[in-house]
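Here's the structure, in structure tokens; my notes come after.
Think of it as A, B, C and D in the order they're written, each chain with its own count starting at 1.
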């Protein structure tokens, strides 16, 4: 089914006629629109965003020609755009440190067919989770960080990742990635932070939530950028806690919301439903 | 601002080219699309639904001509459609019995500019709430139901409503309306039921929720149809309760969720965001 | 019914025997416990908290004697404690500036019997809401702030409040109160802040939530302290938003959650269910 | 730590003095109360419920003597009661058919230390999930149901379960258990039903939710009783869906809420926090 499915994601200055031009183009090419979403920051002179999902028999063979044909429309409206096929599915690497819950949840959902991705590798700076990953048949690379060897380890990771993955998920990977690393995957590295950002950015959010006495804790999936925990937010959610919760029970309760939020963000990203604009996201869910 | 705002709501059998035709039509007429949503039950042969919100300078004067011009597009795709202006705002009557919370919440939101409606009248089968309505400057009609006089009271209501309102909200109106009444406002009578339908349809839902020992209670806004509490659902929500809640505290907690759900449903309906299909709704929120 | 209802709220260093001593005392006095909650930060050497609600026929006449009798128990365990009657109900002043939604929601709930308080006065630094308050029969005092006259206006407020109210609610009162003012009502001034604290403390939280691109917005009820938006949190909640929301629609959606959170916090406080410990609250809901 | 932890769970007709007697008893025995919850359906003549968690050094050795000593208190107030140790942990069997999500979630949480239970066995009427269970080191028994052999298979299950488990979890076990089976585990069989009961009791709830057009779907954990889906509810929750969801996506979204609700119910039950009264539960969470 999905072999004929394509997605056109577009952004450009808003003006009349964009939707007409895009839908006319797709119709003329024989495509059938199955979902379409659009948004404008301001219909009179703002920025326009659109995601169209369509079926087009023989898309695989016609993909390149279709892209060439669209350049005319794109030029007319000064568009940034991508025209992608739903298959092959995007390739996602998972980076993890010691905590397993996000990693296992992603692997389980992937195995259950919930996540439209391939997972060519899991990379960790620790060896602990290799046995957990083995039953899923995904290669596990242990790349430890020697004292003073952080840059070297990043290079080892990049050597593994380059050309083999489309995006990277930090499933509780507790190392800060350099801007050199992030530049290789612009808005293609998804982090799960265990707080309701911008509250408790940085280290030990559950401890600080405990200290502050909040009545809800949360989790935030966002694109990692050079500034820690400041990147565009993809998805957030919270759960209720009370005075009886200590940092340990916050951590335990938080795991559930971390798993749900990260899985949802990965699914949205993998289906090309997230568009970054400035430091914010448009999410066509 | 809203004087130039129009909404085109369409449903037809799905086939390629619909979006292209509609967007081309609007572009040619000089309209700028500000929001557009669509849905198909099946892109290959299902039913297609679309709601387009657009700005078109001079819409008030051009409304009739625009409708005539669209009939060609509509005929080509066998559409059921409406082309409406955002202003004047739809006229909403509120029917109420003794409980005031939904009524007052709607009036307060209307006064605060949250609900894009006019409210030409409140009708009640009881006199009690007249004083509450007075500060809002909305006429309050007390139409009591004499023994055996239910049909007559409905006729009195219809005499007040006909030609003066576009839709009717049952804000805890505790009388069952006849099918004759409902036929005058097809899918234009919104009821708030104080349970999470289809659970606890019918009488005394909070008592029955208490008896069953549920851990959440809810409220449901739906279009009233001949079959009680069986009409298309517009909006629902729930709140958490526990073993300490008795029917009285369920009722008190439920009021909050009734108010929110009804207000949301009224807003969605007034903005032409709800399309009925079979016994379900498509909601372009 | 409530005339015989009493509440004993206790905190002391934890040690074995506290519950036995308190329950034995109440039993010996002829009281029937109707609700009891307790919490200890650490059962072996932490701080212990307890709230007992009980019925004791003739409580009004016996209240002082009961308090004297309890001093023995209290001394034995080094307790801080209060023994209060449910009636007369605590007296609550509402301070408000220009935005009416929290004020009106509190007044409406009070009138509907949802809030166990008396409301002897509403005070505002603006005249605008006087007409809104009038139907509720609550005196409205307009105390404007002249240039350089902030201290004077606080003195005027204190003159009105002293001896006449038990606690104060800032229902979107947009002035920062001095520490002199707050010291007269220690942990007896409840503020509603229109963000999920500690995110967006300070001014213009909805604008900043919009700028940051969060996917949820929230509201926080807390005790006002000298440090702005840093006081002990009583209650919080959030609602979902998306990229289409601008600051104005965030404000509109936020009003619903502000109303619910503030009303819940007021109810908890009025029923002596909130105990402050350090900068956090124990809430026996 | 938990080796000294005990729990006393009591219900009896309400009357003054119960809390005093229980807390005095525990204090005299040298126990330190770490948590205590109580509830009365009516403080004047209703039913009283209490759960006390306490630490008592040497509890393992003194458990029987403590129970004997408590019989006097219990007789005085006509109590039904249990005095249990937190360790050894209760033994939980999991019954499952073909769907793995609830099973794996329970196993994962158990392995992560979130669920205070031992899991001596998984039983299935299908062979499919044996490989999934193997990494967890829990025996998997495949007991197929031959045509006409349902009673026989139940006998085989009982032969495995008797004396080896304290309670049974139906983790999407799609067979209806006979009343003979259930009688061996009164209020000790927890089922997860994939709807918000009482809505959509019985077969194919997601399909029926789809047909009805609800805007939220839910899951309910309850004790299995002779009447299908009518037993006392332990926990429920819901998630939002919309018109775009078909039965398949409802099933996928529902899995998340099923997992959370079942895990929460198992935890509550394993910690003796659930008391059945009539067809309802008191949950001291």
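Please note the rule applied: a contact is a pair of C-beta atoms (placed from the backbone, for glycine too) under 8 Å apart; a residue touches a chain by one contact, two chains touch by 3 or more.
What you see is a predicted model; the values in this text were computed from it and never measured.
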Starting at subunit B, fewest touch steps before arriving at subunit D: 1
Chain pair, A-B or A-C, that carries the greater number of C-beta contacts: A-C
Same vs different contact residues, subunit B with subunit C, by half of numbers used: same
Subunit A-subunit B separation of Cα centroids, rounded to whole Å: 37
Separation of mean Cα positions, subunit C and subunit A [Å, integer]: 42
Numbers and ranges of subunit C residues touching at least 2 other chains: 39
Arrangement of touching chains [line / ring / star / complete / other]: complete
Footprint of subunit B on subunit D - complex, ascending: 39, 196-200, 212-216, 218, 232-238, 242-244, 279-283
Residues of subunit B touching subunit C in the complex: 100-101, 104, 108, 112, 114, 135, 252, 256, 260
Complex contacts: residues of subunit B adjacent to subunit A: 15-17, 19-20, 23-24, 26-27, 30-40, 43-44, 55
